[in-house]
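Structures for review follow.
Next come two complexes, and both contain chain A; in the first it sits with chain B, in the second with chain C.
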Partner chain A sequence: MKLRILQSVLVDAVSQVTKAVSTRTTIPILTGIKVTAEEDQLILTGSNSDMTIETKIPRVKDEKEQLFVEKIGSVVVPGKIFAEIVRKLPGNEVEWIVGERNGITIRSGKAEFQLHGLPSEEYPSLPQLYEEQVFSLSADLLRTLVRKTSFAVAVNEARGVFTGVLFQLEEGLLTCVATDSHRLSRQKTQVESLPDLQLNNVIIPGKSMSELAKTFADETELVDLVVAGNQLLARTKHLSFYTRLLEGSYPDTNRVIPQTGDVEVTTKTKELLQSVERASLISRDGRDNVIKWTVSDNQVQITSASQEIGSVVEEIQADVKGPSLTISFNARYMIEALRTIDSEEIHIQFTGSMTPFLMQPTDRNDSLHLIVPIRTR
Partner chain B sequence: MKLRILQSVLVDAVSQVTKAVSTRTTIPILTGIKVTAEEDQLILTGSNSDMTIETKIPRVKDEKEQLFVEKIGSVVVPGKIFAEIVRKLPGNEVEWIVGERNGITIRSGKAEFQLHGLPSEEYPSLPQLYEEQVFSLSADLLRTLVRKTSFAVAVNEARGVFTGVLFQLEEGLLTCVATDSHRLSRQKTQVESLPDLQLNNVIIPGKSMSELAKTFADETELVDLVVAGNQLLARTKHLSFYTRLLEGSYPDTNRVIPQTGDVEVTTKTKELLQSVERASLISRDGRDNVIKWTVSDNQVQITSASQEIGSVVEEIQADVKGPSLTISFNARYMIEALRTIDSEEIHIQFTGSMTPFLMQPTDRNDSLHLIVPIRTR
Partner chain C sequence: MDLDAFFASVEQLDNPELRGKPVIVGGRENRGVVSTCSYEARAFGIHSAMPGAVARRKCPHGIFVPVRYERYKEKSAEVREIYTNYSDQYETLGLDEAYLDVSHFADAVPIAKELKQRVKQETGLTCSIGLSYNKSLAKIASDLRKPDALVIIRPEEALSILENLPIGALHGIGKKSKEKLAQKEIYTVKDFWNLSRDEVIQMFGKFGYDLYDRARGEDKREIVMDRTVRSISRETTFPIDIYDRNDVASLAKELLEEGIQAVEKKNLKPRTLSLKIRYTDFTTHSKQRTAYDEVDWFVLLDDLIDSFDYTSGIRLISVRFSNFMEETDGSHYQQLSLSWEDENR
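Take a look at the complex of A and B:
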């Protein structure tokens, strides 16, 4: 393998795949980045047991030559140190030669590095996918879905399917659901797909969701999502992100979502968020971060108390329909949900002090958040 | 105690004193902030066993009323939570009342917090200083002195005086020295003082040095430094920073600084820094972060090798006087020193492969860095 490449292009590609490179050394070769130089492109792959990111650097981009492959070939380079070296190289161009026994030479400006590589044949192959189930959405929409659901998954690995986000697709409508059984977030959106494509139980690990959003952070293209067996592949022309899917059946969450509300509160999202954040300063050291709401005519009183620290009481103006109500819940669940809501006003529906309540932006119906209250004395 | 104060003013003052507030709870009252309301000012104090910061908020600043004390008094508020509450208060103004048994009420907008305070009489008194030894310098110069010396102190607490920075004053010339016995940094500067003031063995703990720089980060005034007993007080009109001094005698470091050089190298500071940083990528996992320099006609060859990772070799252009030389040393020491040098060019003086070498900016003689080489095979 012998090639020259623009330093800035290599830096970008390496930082993409590095997100998936394993930091643990249980499978040593996965701490490396696999590099394959073909005649017209350079392919970089990073992977850990759960995720794989592959990026392709074409010879020409925006009518500018950026890669000059003199001799094709492949090698596995040590991931972490390679990423740092590439970032700090002094020249605009990098010369890269792989010699005998996978010895790697990197030249740039007046600097020359020699690194020990590993044979690329020992690197695991990419999952083979049969592309039957494909749908597409904009990278921007994908990031929004991740941001508005993935915070609600269970963190404890023992919680199985609840550590992932459920993707369901029917008649072009994608529904994403995340819950840790104390709160739930659901987003719906129209995507591009064949009209008869149906997906029922695709569960993406929560950690992969965040990496997915980061991987396509700068993309403006449409992203194809391909589901096959226990793998999901998210893909644009030059970037592929593979993640394993979670096994198990995701329960039907529709039945826990109340259809009507006895008490309805409409208020400003940002002011509400700030009030709950203040109340949480007092409650957060407690076991469940409990704050109390007292809903009455045109206002919500938010209180929180801790024997050690003290207490807080605050009123916020709101449009209230229905009888008075007192309810306690975990402030963090509301804060995390409110932070993902971009709409100016929020609508909250209660059915009682002991039953889950619903939060939705007032100006759209594709988004909902549910919180289970806490029984207090 | 009863007062009203502008929220932004209170936020700034609290964040100043919080830097010194103890996070450990060995002395519980030191996790609090002492607050004293006098008729025309509010005094906030934060302290741990080593440092104390006191800030005074005057009633009027820049002809604007910012503080309205209705009833004088004092209390100790819980530090961490108070700082966070103050930052998140909804209104421009804060009402602050201390009632019976040190109960604290904080009102702002429609929010009201109740916090448990502690009696201010239990808070330790400030050190009493007899102000005989005073000198002054600009806050900007003080920050520069800290930045250019404190990185070189020993980190290990067992190293005694070497964990601090030595301040010496004679005929208005302040000399600051820091060394961990592997490298040394020395800065000299003219300060304002009585002509006969002499200080010989004032040793400020390294940690206090960094906090000192942060505390006066936004100051533009002259800072008075007052030395008395085992305390140093740095002070502007509204801000006082106390730190204990280290006990013990700092050795005379003049004799380790070579007066002449057999081999002299002059080169660009920034390019040299970047080269050494690259070489350090290979060497830093090794025990001493060793890189090797080979100085010859008009160039320095920098090399570094690690059995596990690989090697690097790089040449930099330099103006070299004297015979060829090979020397090995810890790359980190050179990197940390070079990062504090703002001058474009740097002059390096070697007297041999086994003796300390000197680095100085070419355009000034108030600053020097010394590095002890490493014996290699």
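Take a look at the complex of A and C:
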């Protein structure tokens, strides 16, 4: 293998795949980055067996030559040190030669590194996915979905499925659900797919969701999502992101979402968020970050008290329908949900002090948040 | 009361072939430290916290045994069973020490004798008891003639006993403090009396207040029942120095997992996570992050790991939980959950 490449291009590609490179040494070869030089592209792969990122550097980008492959070939480079070396190289261009017994030479400016590589045949091959179940959405929409759901996954949950985000697809409508059993977030969006494609119980680990958003952070094109076996592949022309899916069956979340409300509150999202954040200054030290709402005619009174610190009372104007109600809940759940809502107004539906309540933006019906209250004694 | 060479004594008790021999608990790994050692081993100059390698050099034929914490806990509980018969006001310090309030007895001396005898008979262990009119003096008395001793410090003797003690006999004066005091040519409690309260406070901060009093046989501290857990930590000394951030990260994660288990077992909710790193030159840095409400400790740990420097070798790391939330907060409130009934059937 012999090639020349722009240093900045190599740095970007290496930093992309490094996100997936294993830091543990249980499978030593996975601490490396697999590199394959083909005639008009260079492919870099990083993996930790749960997650794999592959990026392709084309010969030409934006009509600019960035890669020149003189001799094709492949090798596995030691991941961490290679990433550091590449970042610190002095020249704009990097010359990269792989000789006998996977000896690697890297030249840039007047610096020359000799590294020991490993044979690429020892690197596990990428899962071969049977590309039947495919749908597409814009990278921007994908990032929005991640942002609006993944915060609600369980952090440390005995029931494994709740540490992931559920993807369901029916008639081109993608539904994403995340819950830790104390709150739930559900987003729906139209995607491009074959009309008869149906997906159930596809559960993506919460950690992979955030990495997915980061990996496609700068992308603008459509992202294809392929589901096959226990893998999900997210892919653009030059970038592929594989993640293992969680096993187990996600419960039916429709059953826990109340259909009607006895008490309905409509108010401004931003004002509400700020007010709850203020109340949380008092409550956040407590075990459950408890704030109390008293809903009555045209207003919501928000209170919070801590034995150590003191208390807070604030009233916000709201459009209230139905009888008065008092309810306590974790302020953080509401703050995190409200921060993902871009709409100006929000509609909240209560069915009682001990039952979950629903929050939805008033101007759209593709987004829903559920919060389970706290029982006070 | 203080159980003599506790861990080592339990080992000798359980393994008769170890009796009368230098037994060293811990320090088996080259870089581990000695946890406790038998009096036979102390004769070779071995003491707790000494690196295993040093101990091996000083006592090549010493018998190094692994720490069996669970077993020591059992024996410690047996001892507690006995002393709780004499007082329900007690404060434990680790597994091998406890303060007992015996002020309800007109004469506590026969009680102390009986206690020593029963501990010996019922558990096979010896202990040293210090009997006095406050915690500080009781502690000093228990250390005075170990092992298997009963030392009484009466109010009228306190000053004359304190006078001749090396300054290190005061609880809270460690190696560093001793060095500090040595610079001022203070080696005994009597020397220490020459310092004014302000000088002591200047040297030791807030703790100086107490130290000044304790050196004069005064201590107003009460017995703290069921000492609440203030922190839970897990640490490890590496067999070889580590230079790699990722190696530190993976080991720190293992410690964190153990810590989380311990915290959950005790049903505690910590707010603060600290990471301590000791470099090869023994300089030690500790950093902490405090989180409100629920948090992913692993993310927090990663953040802490990133904040350290990895240019010099690392020999020890420790992960610590502290700043526990008030238990009472939880008792008033109960977070309800969504019910996934059909799943549980």
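Just so we're on the same page, the second predicted complex is superposed on the first by the 376 of 377 C-alpha atoms of A that agree within 3 Å, B and C clash if a C-alpha of one lies under 4 Å from a C-alpha of the other, contacts with A are read in each partner's own complex, and residues count from 1 in each chain.
Following the convention adopted for this analysis, a contact is a pair of C-beta atoms (placed from the backbone, for glycine too) under 8 Å apart; a residue touches a chain by one contact, two chains touch by 3 or more.
Predicted model only: the values in this text are computed from it and were never measured.
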item: Touched partner set for A:228, first chain B, second chain C, both or neither; value: neither
item: Chain B versus chain C as contact partner of A:112, first or second or both or neither; value: first
item: Which superposed partner A:277 touches (first chain B, second chain C, both, neither); value: first
item: Partner chain in contact with A:155 - chain B first, chain C second, else both or neither; value: second
item: Which of chain B and chain C A:316 touches, first, second, both or neither; value: first
item: Touching partner for A:84 - first (chain B), second (chain C), both, neither; value: first
item: Touched partner set for A:287, first chain B, second chain C, both or neither; value: second
item: Footprint overlap on chain A, where chain B in one structure and chain C in the other make contact; value: 308
item: Residue ranges of chain C in contact with chain A within the complex; value: 246, 249-250, 260, 269, 292-296, 325-326, 328-340, 342-343
item: Residues of chain B that touch chain A when the two form their complex; value: 78, 81, 84-85, 88-90, 104, 110-116, 274-275, 277-278, 281-282, 308-316
item: Residue numbers on chain A that touch chain C, as the complex places them; value: 23-24, 80, 155-156, 179, 181-182, 184, 251-252, 256, 284-290, 307-308, 328, 330, 332, 354, 356, 370, 372-377
